[in-house]
Structures are given as C-alpha cells and as structure tokens.
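Structure record follows, encoded as structure tokens.
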Amino acid sequence: MGEFFRVALAVAAKDLRVEHRSKTALVSAIAFAALVLVIFNFARDAAAVSREALAPSVLWITFSFSGVIALNRSFALERENAALDGLLLAPVSRSALFLGKYLANLAFVFTVEAVALPLFVLFFGVDLTGSLGGIVLTAVLATTGFVAVGTVFAAMTVRTRFAELMLPLLVLPFLLPPVIGAVQVTARLLAGRPLSEIAGWLRILGFYDLVFVTLCLLLFPPLMDE
Amino acid sequence: MLFADRLERRFGAARALRGVSLSVHAGECHLILGPNGAGKSTLLRLLAGLARPTAGSVTRPGGRRSIGLLSHQSQLYGDLTAVENLTFTARLYGVSDPGGQARARLAAVGLAERADEPVRGLSRGMVQRVAIARALLHGPNVLLLDEPFTGLDPQSSELTLGLLAAEQAAGQALVLVTHDAQEAWELATHAHLLVRGSWAFGGPREASLDGFLRRCREALHG
Amino acid sequence: MTETPAGRRATRRGLGIVALGLLGLAGVYVLALRYTPMERFQGLPQKIFYVHVPAAWSAMLAFSLVGIASALYLWLRDPRLDLFAESAAEVGLIFSMVMLTTGPLWGRPVWNTWWTWDARLTFTLILFFLFLGYRALRGALQDPGERARFSAVVGILGLVLVPFVHLTVYLFRTLHPQPIVLKPSSPSLPGEMLRTLLVSVGVYTVLLLGFVMTRYGLGAQARLEGGEDAR
C-alpha cells in the first residue's frame, strides 16, 4: 500500500517538475481562462442580460473548458521520447501510475481555477462574501470528477492525430452532470441560499466523483495492457 | 534469465508473431535480425512485458525488475536533467539512495559533468549513454536493446559497444535487435533470423559473419 | 475475395431479421393509425409517440450492448466482442440520428418549434454524442488492439455516465418545467395505447438486433480481408 502511494507521488512530482521547468502550459491555460472570461463579458446583450445573471454559467464554462484544455499535456510529455514505456516497464501498479498523473492534473487545474476565480470576481463584479467557502468546495467536487475522466481520455487521444479535437469531444458529455450541479449550487450560493438547500446537489457531485475516480483507477491498467 | 515459449501475438486474423521461443542465460548475447515488419519490435515488447502474448508465455525468473529496456527512443523527459530523469527512475523502482545512485550511474557512462543539464540539450550519443545508464540503474540481469547503434556516430557506437561488452562480461544477458549484424557480431553468442513472425533459423553463433549473412540471404530469398 | 462462413451466415441471418422487423414496422404503423384511439388533446401528431419512444429505447439498448460488450472485451480480449461493440455502436448512431431528425420534423408543424428539450430528445442527443465520440476515436486509431481496448474503456465509462446525465437533466428540468410533449395527457396509458407501444418497442428491438447482426457479419468479412492484406 505504501509503495502504491510512493509511486503515485513520484510520478506526480515528476510531472509537476516538468511543468515547472517550462511553465508554458500553465501560463497558457491561465491566459486562456482569462480570455474566456473577457469574451463572456462582451458576448451578451448588456441591456437585456446582467452580468450577475450569467455569472454562475460563465464561471463554470470557464473552469471546465480551461480544465479540459489543460489535460492534453499530461500524456503528450510521455509521448515525446516514448517515456511512457519506461513507466509501464517498471514493476509498479498501473493504477499507481494513473493516480500520479491524475494528482498532477488536479494540481494543474486547481491552480488555473485559483487564478481564474479572482479574475471572475473582478470582471463580473460578483460579491463572494459568505459564499466563497461553498464555491471552493463546489469547485473541488466538480473538478475532481471530470479531471479523472479527462486523464483517462488524454491517455487515449494522445495516440491520435487530432488529439486537441478528440479530447474535448470525448470529455464534454462527461462534463454535463458536474456542470449542471455546479451551476445550480453556485447560483444558489450567490443568491445567499443556505447550504442545506444545496446539499442534495453536492451529494450528487460527490457520488459522481466517487464512481468515476474509482472506475478510472480500475480501468487504467487494462487500458495500458497491450 | 528469460524464457519465451511459443509466443504468439495476433489480433483477429492478422498475426504478428507465431511459435517464437527463446532461452536466454547469463552472459549470453542474442542477436535478432530480420527484415522490416518481421515482428522484431513486437517480440521485444513481449519479452519486456509491455505487451501480452495472445498465446504462449514469457518467464522472467527475476520478475519484471530483472529486465531493462533500451529502445531507439530514449524514454527520457527532455525538460528534466539527466540526474532528475535517473532519480525518478530510481524512485519508481524503489532503489535506495535514488539521487546518489543516479549520479553514480551517470559517472559510470562518463557523463558526470553533464548530469545537471536538461536532456534536450544533449547530443544523440550522450542521450544514448543516459538511456543506457537509466536502463541499468535498477540492476537488471537481462538487457533488451532495440537497434541501439542506429543513428549513432562511430565514436558513440564504439562507446556503446564497450559499455555493453563490459556488462556482458559481468554476467549481464543481452538481447539485441538490429538491422546490421556486423556492429554487434563480436558480442554475440547467439544469432537468430526472424522472418514474417517466426524464426527462419537461430542458435549459437557460427564463427564466420559472412557465412551467417549468406544463410540470411538464402532464407530471405529462398 | 474470401468470406468467412460465420460472417456470411451472420449477414444472412441479420438481413432476414431486418426484413422481419421491417414487416413488423409496417404493422406498427397500421396498428397505430387504425387500431389505436386518438389522443384527446394532441390529436394525430401524438401518434409519433409510438415511434419515438421505441427509437429512444433502441438507442439506449444499443448503447447498453456497447457497454456490456466493451466490459466483456476488456476481460476476455476476444476480438469478436470488439466487433460486436463496433456494430452496436454504428447501428445505435444511426437509430439516434433518425430519431433526432424525425422528431423535429414532426414537431414543427404542431408546436411551431424545431427543437424542445424534451426528456427523450435530450437523452437521445447525449447518446448520439457518445456514439459519435466512440466512433471518432475508433476512426482515429490504427492499431486494432489499441482501438479495441481504448474504445472499450469509452464504452464502459459512457454507459456509467448515462444514469448521471439522466438524473441531473431530470432535476434540471423539474426546476425549469418544459412542456411535456408527445405523451398522452392521462397519467397512465389506456390499454390499447400501451399495447401499441409495447408492440412497437418489440419491433424496434427486433430491427436493432437484425441490423447489429448484419453489420457484425459485414464487419467480420471486412476484417478478414483487411487482415490478409496487412500480411
């Protein structure tokens, strides 16, 4: 058991170290999120639709799309020199390898979201007092699920010619439940509703996470098993 | 050290390998030659454990950690330094003192001074040496090599040959897939020809390279 | 051009079942139009219900077949299971496309709108995208073993996703009530309507299985030829 986590952490640390070395991907992903927010500000009829009304949707589309874009790199870096073979050759559990990749992706996407959230507050004039904790919790719950599925799909699409198109095509249906739930929760939080009213949605998000993270951990070994 | 028994690899109707067996013992060096598409790389992947055979089995008495692989791609992360690459591999294999071992291995292939440079900036020959250091880091007793001399300048080829000879003398077993029998002929104890997924012939190496090449030509055009 | 006997047999049997199914479909039309009472509020257009519901059901059935075959493939690694999943996915894609295009074509004259986020249409739309993604991934991968493993994982994940989409979309809709279209207004279906519906579901299932079998047979032949060429 200890070895399982040791391997996962080694892989995650390696991924983050590679990312840290060039930082291009992280900066690009953050810039992407910022640009999406900017476009949303203008992509509406300001007289008819207030920023506040759109806010939850804008936040979640920004988060989810930036998240998906960020996932490709996690296996692209393994492809470069067939480094993935090196990982698969080692006498370690493939689920541990997946966990490492997944954790690194989570760290990456959380970082993007952590920068995008203040920008969102700034651009959309949203008041987060009282709801910040709830929004962060929702972000964690929603992101955890789709990053797991996205990591598995990234492992697959990196082998295809149009990875940048294939990955979103495959992942977006899986974004529906988390985004629907997250927007509902966010809208209520911003309107000052009590946490008890949204507990049901949070439970759904949590359940989604549990099911898909477990499933992805279980499916990764047969996926890699040539 | 490594035993393959009647390996078969197919998907549906298409067959890549059929009835391939191999026995590798300490200190032996098996050359595997064959035309493109013969299935050499597939065989190596099966021996390494990267792919599962459809039929037959591969036995590795020392477990998966007894195998090292040097393929024609380096399996290294270009943005990381040589030391960082090897330290990561050491951690993956649970080698104690990962950082120290990494440096030691790099020194053993003569790259102590370039150890802290990103791999991306190293020449092909140096990358090859880092890759060899990486493959040997966890102390395998069988080293699988996929065309290790391809794309190397003569100097690096010499160096690689020297490293491999030293390993072999120390008891390491080698399985070497190559296009060019001549390059590794002096190391070889056994030579095999793979044609369209099965052995055309193979066994202990004969004395004369020319004789062997003649047999190969006959097998391919016969 | 050689044909595998098993492939040819499957194609023949499949086509036979399809012929049967098409006859049944004609029967369903007759049944629905002549022998089923007219719905009080919606009139004639409501009858699309007897085609629409089974079509959505068939798409879901097809997707379940993909998911189950995918799981079995990952376990047993039998290429025939992969071929079966591929066949079911292709047929399911076509069924859902037909359902999604005929729905609006019927709905437009009656409700003055091309599209509604009706539960069945929405659900079939998601299935359509899952089928499409499955197919697109397969098309983008060359190695047959890789193609089989990867799409199997997509199939399994997709099947598990379906109940979650169902649940969240349903909850979304209860918060934003949309007109309930095409369903008879009474809470439980009167006997004759139920009968027609069940017959229709049966016919569509037969059609689905027939098409899948035919596609399977054709695929088996194509693979054999492809395999030989590759050598």
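Every chain is named by a letter (A, B and C) in the order it is written, and numbering of its residues begins at 1.
What we mean here is this: a contact is a pair of C-beta atoms (placed from the backbone, for glycine too) under 8 Å apart; a residue touches a chain by one contact, two chains touch by 3 or more.
As the structure is a prediction and not an experimental result, all values here were calculated from the model.
Overall, the chain located most centrally, as judged by its C-alpha mean against the mean of all protein C-alpha atoms, is A.
Of all chains, the one whose Cα centroid sits at the greatest distance from that of chain B is C. In this assembly, the C-alpha centroid of chain A lies 31 Å from the C-alpha centroid of chain C. Note on chain placement: the centre of chain B and the centre of chain C lie 49 Å apart, centres being C-alpha means. If each chain is reduced to the centroid of its CA atoms, chain A and chain B end up 39 Å from each other. Across the assembly, chain A contributes residues 225-226 that each touch 2 or more other chains. The residues of chain C that reach two or more other chains are 145, listed in rising order.
Multi-chain contact residues, meaning those touching two or more other chains, do not occur anywhere in chain B.
Contacts from chain C toward chain B in the complex involve residues 79, 144-145, 148, 223-224, 226-228, 230-231. The part of chain C that touches chain A in the complex is made up of residues 74, 126, 129-130, 132-133, 136-137, 140-141, 145-146, 149-150, 152-154, 156-158, 160-161, 164-165, 167-169, 171-172, 175. Contact residues of chain A toward chain C in the complex are 149, 152-153, 156-157, 159-162, 166, 169-170, 172-174, 176-177, 180-181, 184, 201, 204, 208, 211-212, 215-216, 219, 222-223, 225-226. Within the complex formed with chain A, the residues of chain B that make contact are 45, 48-52, 63-65, 67, 69, 71, 73-80, 84, 88-89, 91-94, 118, 134.
Put simply, chain B touches chain C in their complex at residues 11-15, 196.
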